[in-house]
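We just call them A, B and C in the order they show up, numbering each chain from 1.
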Amino acid sequence: MRTFSLTLHVWRQKNTKDPGGFVAYKVPEVSEHMSFLEMLDVVNEGLIVKGDDPIAFDHDCREGICGTCGFMINGDAHGPHRGTTVCQLHMRHFQDGEELWLEPWRAAAFPVMKDLVVDRGAFDRIIAAGGFISAPTGSAPDGNAILVPKPASDRAMDAAACIGCGACVAMCPNSAAALFTGAKIAHLNLLPQGQPEAAARVVAMVGQMETEGFGHCTSTGQCEAVCPKEIPIEVIARMNWDFIKASADKREAKSRGD
Amino acid sequence: MSATTADRISSFYQTSIGKKVVMAATGVILFGFLVGHLLGNVQIFAGADKFNAYAEFLHNTPSLLWGTRIVLLLSLFGHVTAVVQLYRARAEARPVQYKVKRNRGATLASRLMLVSGVAVFAFIIFHLLHFTTGTVHGDFKPDDPAHNLISAFTIPTVALAYVVAMGLVAMHLYHGLWSFTQSLGVSHPRYTGRIKASAMLVSVALCAAFASIPILILAHYVK
Amino acid sequence: MQLDAKVPSGPIEKKWDQAKFDLKLVNPANKRKYSVIVVGSGLAGASAAASLAELGYQVKCFCFQDSPRRAHSIAAQGGINAAKNYQNDGDSVQRLFYDTVKGGDFRAREANVYRLAQISVNIIDQCVAQGVPFAREYGGALANRSFGGAQVSRTFYARGQTGQQLLLGAYQALERQIGLGRVTMYPRTEMLDLVLVDGRARGIVTRDLITGEVASHVADAVVLGTGGYGNVFYLSTNAKGSNATAIWRAHKRGALFANPCFTQIHPTCIPVSGDYQSKLTLMSESLRNDGRIWVPLKKGDTRSPSDIPPSDRDYYLERRYPAFGNLVPRDVASRNAKTVCDEGRGVGPTGLGVYLDLSESIGRLGIATIRERYGNLIDMYERITGEDPYKTPMRIYPAIHYTMGGLWVDYNLMSTIPGMYVLGEANFSDHGANRLGASALMQGLADGYFIIPYTIGDYLASTKLEKVDAAHAAFADAERGVKEQTARFLASDGKRTVDSFHKELGRLMWEKCGMGRTATGLKEAVVKIPELRERFWSEVAVPGTGEELNRELEKAGRVADYMELAELTCRDALARNESCGGHFREEYQTPEGEALRDDDNYSYAAAWEWKGTGQEPALHKEPLAFEHVHLAQRSYK
């Protein structure tokens, strides 16, 4: 088993108001089989024993599905390995003596709470604006009452694989949330069940995305390159199309019932 | 219901997607002009008289000339206004920059759209002062565009500057030509590769054709 | 204490209908006057919060994660069972009921399981309507697969991310209610105590994990959907944040804790690689459909797997269970893996691993088919281990995965504290001593979407609740208790980290109360755990303050609870002198080494009452009657 040493430059910031800065840590013994977060666990154990404040980072499932973890490693969201969240990134991809810069996701819509922890509540608010199908419990027809063509279902699933980690925003040079929002709209608007609300959904979700202060999409494709679920930027084009169409089609309701 | 329509357009434009649609649409118009402009310019290869006759035709058809100029001016205004607004919001969207940032998966052209855009804008102004008004032309004859062209490009630095400018235009066009399909939502993964390849081919071919004019003049191929 | 399960009378297939008729209703106009607290936002919590809000109740929902979408239900891979019989292969409500009771080794309450099987069909309908992209056939109909040893294809799935998709469905329904202002969501907020007024659950005390603010929340009823307690073992397939604090503190307030020793060990996890190991990763057991499990025939065979000829391999599951082969239930597969490793035939650097070999299936079906079926799992394995399962067999080992035990609830899912309901993995009700694959998602959603909306109304309509606010002495007392615990941790000048204690506890639990348990070992654990607890309280180091994001403080509180819960788990295991499902007492086995139940003496749910730290808990028994499924020795031969 290979072991090696690393130098970490970690962004430390006590709370949202603190200006923050980098602190360097030497990590003398890194095993190649550790995950990146396990390596940070070891660093933190050392800090705690010394009475120092451990590095705060978000994580939960540690199997790449909950979307809680994520930070920048040398300028890459979730680090250098394709299709991988930072919790599944293993140390065998690093070399002895490497210097790594760890920074939180940076976007006005994702304020830093502490160290590498950011607040991604903006994503929840985008979903609350329209990222759902209104199907109150008990109102559903039989599961096979509406057939869904397999290609549509597969494409919806491709988009629905989004874990909401925020890497797309972090990596985007413009801090756009287009990949996240586009993925959710694509998931729901591709399914027959999503049709009744398709137009209202895209208008509401795009509106909320704008309100949250994310930037614009310039189609650089960096989001797609770092997305741990490799969601294609095709979903952004779909969102744009749906949005243009919905904006053009929109009719003023005679009276608003709700 | 005109107020509602105006409101609706305004609220559409308020979104970044709306602004991108304006950029895509105006970009397509500007691209269309480039194609026409090239078709006019290559007439220089058919001789100075032919070229001058073309210029004279334009001047004698003010509806075409001014119609084009107005559409272009509006397009450029729309394109630039939208981008200025978008980039102002962009600065607010990331108040703290990264210490280290890679650009994974992004082409140079896509990342340098603002730089190439500003450079192309500056070039357009220079180009107008150079060949339309003659302000920065050392030997400008208002009635002899062919002369203006040939005398300018026999100066190596001027010819070179134009070739470099065409390189920037090509870069800007390449990303613009494929990303407008994204902005308008008409892209499809099966065609994305082909769209990108076509964008590359068209932008390089177009700009190479433009650049051939100063190069061939400098090489005394066109006299 | 007399445990009344409140199972309705009448034939089993009519019980739920009868109950729905008997349960009192809250007038639609009055629902908005009632407030309900839902703790947890996984399948059970999110579906409950959304459904209750749809009915008109005022709902407050709490989760410790930064978003309700991140609850650990999201990690479930395989699928969700439902007795739809879309495949026309002989499935029915009766069969799903039968399989679940038998799979649970006859330690579940029949009436609950029957209702679960009935409701399973509604869950699929509901999820499809929400836009869950289940796998489909080319004709557009829903696809099914056979899972976890079931002999019918009743499992619905969304690639290897079924839990994720179901949770997103529930989360989206919840977000819709949040957007409509009917649910107030409290993310990054942890429940630290339950508050009782006049013996009824009337609210909770929470800590804001960002600011450290301790606050009281008052309601007319409290619903816990906070998941299982598998992390008492430190290493498990649970998320790092999954914890037992909500149910444990409710237990200390009077809710009985049932069958804590029924813990499920999943046979197909990636083995431990070192001391730094922070969690174990599950490889979906669907891999057992196409993977053959083996170890070297001889002890200490260190040849690389490709150099071991078939004659020197022991396909021990196929050998011992010819009928089910590699598809035996989880508990059986896990125990057999332990046995071969204990014999010194385990593989990998630690010797704690067995091979799961896809090579034969790759030869038979082609690499493309295997990639299509398991591509994402195989990629995950390769990311973690650096080995390529297309070329070399995967190494797997059992790990703690799910806990069947939990707070005791009656048929209406109400705990022994009036007004407090417990849903999903947090309760004990449906899986007996062993949960079948693809049944956890089913239960979480059944409880949240289709049971609690009916049963909670009965309590609210038939109970006169006096007006209470956060200024009530009971809330002030609970807040004080929470603050005192925080202060005690921060005042400690210990030198050991929380994790080091948690790991020590986990190792002890895994050794003494893991796959094989003995009276001797358990007695030892019951002595050692309180000692460890003492040391924990005096030697633990918790840096920082209580008024900031302080992960060590959060963990310390959770580990303090595990220290008590671990002891109860061992006591329960010690008191149950039989082997059943996930609980294997080595003294009680058949001559072939299979679990040997003692139905005459242990056909009951063991519900434990808290008597104070260091005090022996009191055991209450809910007798289990099996009127519809004939008690039998499980056999997978």
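By definition in this document, a contact is a pair of C-beta atoms (placed from the backbone, for glycine too) under 8 Å apart; a residue touches a chain by one contact, two chains touch by 3 or more.
This structure is a prediction, so every number in the text was calculated from the model and none was measured.
*Asks:* In the touch network of chains, how many steps separate chain B from chain C on the shortest route?
*Replies:* 2
*Asks:* Looking at A-B and A-C, which pair shares more C-beta contacts?
*Replies:* A-C
*Asks:* What's the distance between the Cα centroids of chain B and chain C, rounded to whole Å?
*Replies:* 61
*Asks:* Could you please state the distance in Å, as a whole number, between where the Cα atoms of chain A are centred and where those of chain B are centred?
*Replies:* So the centroids are 36 Å from each other.
*Asks:* If you average the CA atoms of chain A and of chain C, how far apart do the two points sit, in angstrom?
*Replies:* Here chain A and chain C have centroids separated by 27 Å.
*Asks:* Give me the residues of chain A that touch two or more other chains.
*Replies:* Chain A, residues with two or more chain partners: not present.
*Asks:* Two-or-more-chain contact residues of chain C, please, as numbers and ranges.
*Replies:* Counting only residues that touch two or more other chains, chain C contributes none.
*Asks:* Provide the list of chain B residues touching at least two other chains, using ranges where the numbers run on.
*Replies:* Residues of chain B touching two or more partner chains: there are none.
*Asks:* Along chain C, where are the residues that touch chain A in the complex?
*Replies:* Interface residues on chain C, with respect to chain A: 47, 50-51, 54, 65-70, 72, 74-75, 84, 86, 122, 124-131, 133-142, 158-159, 161, 164-165, 168, 171-173, 175-176, 178-179, 185, 187, 210, 237, 239-241, 273-274, 276-279, 281-282, 349, 379-380, 383-386, 449-450, 453, 495-497, 499-500, 541, 543-544, 548-549, 551-552.
*Asks:* Show me the residue ranges of chain A that touch chain C in the complex, using the header's touch definition.
*Replies:* 1, 14-15, 31-35, 37-39, 41-42, 45, 47-49, 51-54, 56, 58-68, 81, 83-84, 88-90, 92, 113-114, 117, 119-121, 123-124, 127-144, 146-150, 153-154, 156-157, 160-161, 163-164, 187-188, 191, 193-194
*Asks:* Where on chain B does chain A make contact in their complex?
*Replies:* Residue list for chain B touching chain A: 4, 8, 12, 14-21, 86, 89-90, 92-107, 110-111, 113, 175, 178-179, 181-189, 192.
*Asks:* If you look only at chain A, which of its residues touch chain B in the complex?
*Replies:* 9, 22, 72, 74-76, 101, 103, 106-109, 171, 173-176, 206-207, 210, 213-222, 224-226, 232-234, 236-244, 247, 250, 252
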